[in-house]
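Below, each structure is written out as structure tokens.
Next, two complexes with chain A in common: one pairs it with chain B, the other with chain C.
Here is the complex of A and B:
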């Protein structure tokens, strides 16, 4: 799960005026998708391609003037799964190499590297995009990329109420803790689960109230869009640079 | 990074980029897109224009509920996955849509799970638990008495088994799209084994949450839409004993299932030292390792047992998910009678 420190979407976006911040969100999203797909299909032994990909990301990171601590801290979210991937050399079949007295599967080592490299590059790329794009713009970008309007609107509502829900849960837990409820075993979880149930009821009722309020203001199934400015040609070109570089990296290694 | 968090992530199956090969990744992305498109239309039919605000706040609820730490044992904590819970509370279409949106947002905004892995992550965390969970829930409802305890027990069992089914789904995808030379047997044994334990927690918590909602607003539990308000008013509050019995039942069912597969678990580990005529295709791997990559076949080379396990898992998964979708489809019709 998301670590508590990484949570709270107001902290996801880092205010700035860099060229990366000013890029149109739809261009950034498409650029991100192109980049992660290119990285994902890169054969794992093409180290030079991965090096090129990493350099490009580092370039974007420098241009965006983000703090290294922020990006690294949020990258930590992928650690558990990468740790899982590090089991591959120990349980893999096939040829083995001896490393520090352990007999490890060569293919397993490559598999670990594969996950480590691709997961890091993919996560770093999406962190760069979310750190330089406010959530409302991200949503506007999604809808300009023809993601169904209902899906975009649902995601928008989710963000609007997320902090509220998390805070409400937090308050319930604090109230329980203040009354000396400190569960240690699964069968003691009834009060926590009951508060989750209560929160669901409140959530559902809140959703209906929100809908009533929206209906009173003329909602008939479609959300109005406020910003109409869309990506210019230079936005698309600029956002495509990392993907193009990654594709170039693939071709260079492929041809040699 | 504490061990428990490692377990929860493996369990959460927020797989990063590059975990499965491109062909399986693409196939799963198509499956996810098709099912979610259908779920979106069905949700709009079911909720009308209320779809947007309701699904939105419910997605926020699922996201928040996944962050709540439940006690597991001796102070360690786990968290809810919530796929089956969402289906039971909101119905399978809205439920799967809501959980899928949570998964998408976690990948897109929180870098939790890879963007290219979104297809299979959505299938494993939203589609399989919601639809298989719904199908199982309906089966268990028929087996249990038609009252609140019956609904709660059925929810608990369905949620517990749905987690194991998700693990099986991931193992099957691994069979066809492995990127590491780990045999299907090993992955299957480990994933299913770990998820049995998680399933017990998921079962207890889901049952308790459903019980709490049933206690105050039974009309909000779609899976209990057939119970009449008069009947509900006369029922006593469910005793803790019912939960204890339910939990034991879940544990028993899960144990029975795990014992079936236990035999296939150890041999993968024993084969570490074995050299099985290893001729890697790693250099031209780009798209070469299609559906029957050599890893997958290597997982099957020794025993018909693996094939049998893989085959029956596939059939089981397809049947439950398919049946869940079929019954969800039936639910979509305007007829007021919903449950058996």
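Here is the complex of A and C:
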């Protein structure tokens, strides 16, 4: 009934048995957070630190035995954000550098680099975690990290029903296309907007039905916790390696 | 011993509507019976199903499930006793693994982990879906999803099952398998459906709800034999069938 879609989260996780796949999800999540924060606070001109960060991720990528095409393909999701950052060299002021005959702001170039490097490293790290951890495990990991149950539930519902929503939108779009609707210009966007409204109403109604079905099985406002094995000491240590390496990279460059 | 389900003088009007869905509805279902609830769209079939498990509350009259009168105090116990299987399994299966969905009800009952695991295995086994335990609901076929949805209420050990349009979205073979499943379960069942052959295959007794009243209460065979009666309530056998 549900066709696989480009946005479908069922493709996020890639089956595998690598040590990265086997790590406890809460350890991976905390490791990811530590790594991303360290990358985010790295001064933009500390190229060696960024090189160390990239090497660490490359190591994780190799150990996890993921396909390069898959990771690069998913990395493309950051392009719209990064594209925006490429305006900086043209609009920045102060010192200028000549690149291919263009006179560009040095500060703007560094700003672009800053966004590009950090977005790439952060997104790549997130891709590595989501590709090696099934969604139910990620959710369990979040709740073991004491993320409020309501927040975990909302994330869970989002992933569970995203595919259905995307499918529904696809069907509505096909139904419009079948009646020769082929929007090219902004003034043709009205049906798209109204179908977004219809989708909102349908989703809201589904939410009510899902809640009814939960209440019918005794749900009274608190999500039951289904306990499972949690992270061991070696999980925590192993998952901390990328963050520790990134911090080390930061310290080494900072001290020299 | 009292009836499995007794609906007595039920009246209900949806908020903001003028026309009542029910105004003095009475239904009795004995323990162990499988009863088909038929009727045209908008006749109140789903509204009745929602009342039986306390999702909608009677504005007049009362609902009695295996001797227990539905009230705020008995709501939790009624929801354990009356398992409601929704029309769209996607509404019922909201977790990422079938096993977690089947465990949701027992976990709400406050059972311990070993008992929950036992209930989950048993419920999945009962619907012949043990192999689906670790699958994601969106990977299942319509029939598999329906089985998983049934398991997700069986794990609460209900005495009564209420199934809303269980054959919707299922292929013909899946319908046969579902009929076999329902007839193999010991619970008292109320099967809300438009599917007359399915009603005949699963239920000895049939009720027709029309404009908020039970207008027919017959053996399913006898109802299906009476094409005039069927037509009067916008019911019809599939093409090629004759009364």
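One rule holds in what follows: the second predicted complex is superposed on the first by the 242 of 256 C-alpha atoms of A that agree within 3 Å, B and C clash if a C-alpha of one lies under 4 Å from a C-alpha of the other, contacts with A are read in each partner's own complex, and residues count from 1 in each chain.
By our rule, a residue touches a chain if its C-beta (ideal position, glycine included) is under 8 Å from a C-beta of that chain, and two chains touch if they have at least 3 such contacts.
In this text the structure is predicted, and so the values were computed from the model without any measurement.
In the three-chain model built by superposing on chain A, chain B fits alongside chain C with no clash.
By the touch criterion defined above, A:210 reaches both chain B and chain C. In the superposition on chain A, A:139 makes contact with chain C only, while chain B stays out of contact range. Number of chain A residues touched is higher for B, counting chain B against chain C. By the touch criterion defined above, A:220 lies against chain B and chain C together after alignment on the C-alpha atoms of chain A.
When the two complexes are overlaid on their common chain A, residue A:157 makes contact with chain B and with chain C alike. The vertex angle at chain A, taken between the C-alpha centres of chain B and chain C once both structures are aligned on chain A, is 90 degrees to the nearest 10. Here the smallest spacing between CA atoms of chain B and those of chain C, following superposition, is 7 Å. In the superposition on chain A, the residues of chain A touched by chain B in one structure and by chain C in the other are 1-2, 135, 156-157, 159-161, 164, 206, 210, 214-215, 219-220. Taken in their complex, chain A has these residues touching chain B: 1-2, 4, 6-7, 9, 12, 32-33, 36-37, 39-41, 43-45, 74-85, 88, 90-96, 103, 105, 107-108, 110-112, 114-115, 117-119, 121-123, 126-127, 130, 135, 138, 148, 150-151, 153-162, 164-166, 168-169, 173, 183-190, 192-201, 203-204, 206-208, 210-211, 214-215, 219-221, 223. Residues 1-2, 10, 134-136, 139, 156-157, 159-161, 163-164, 206, 209-210, 212-220, 224-227 of chain A touch chain C in their complex.
Those residues of chain B that touch chain A in the shared complex are 1, 5-6, 8-10, 12, 14-19, 22, 25, 37, 40, 44, 49-61, 63-68, 70-75, 79-80, 89, 97-98, 101-102, 104-112, 114-116, 179-183, 186, 200-201, 204-205, 208-213, 215-217, 220, 240, 243-244, 247, 268-269, 271-276, 278, 280, 282-287, 298.
Touching chain A in their complex are the following residues of chain C: 50, 53, 55, 76, 79-80, 83-84, 86, 88, 90-92, 94-97, 100, 103-105, 107-109, 113, 116, 136-139, 141-142, 145, 152-153, 156, 169.
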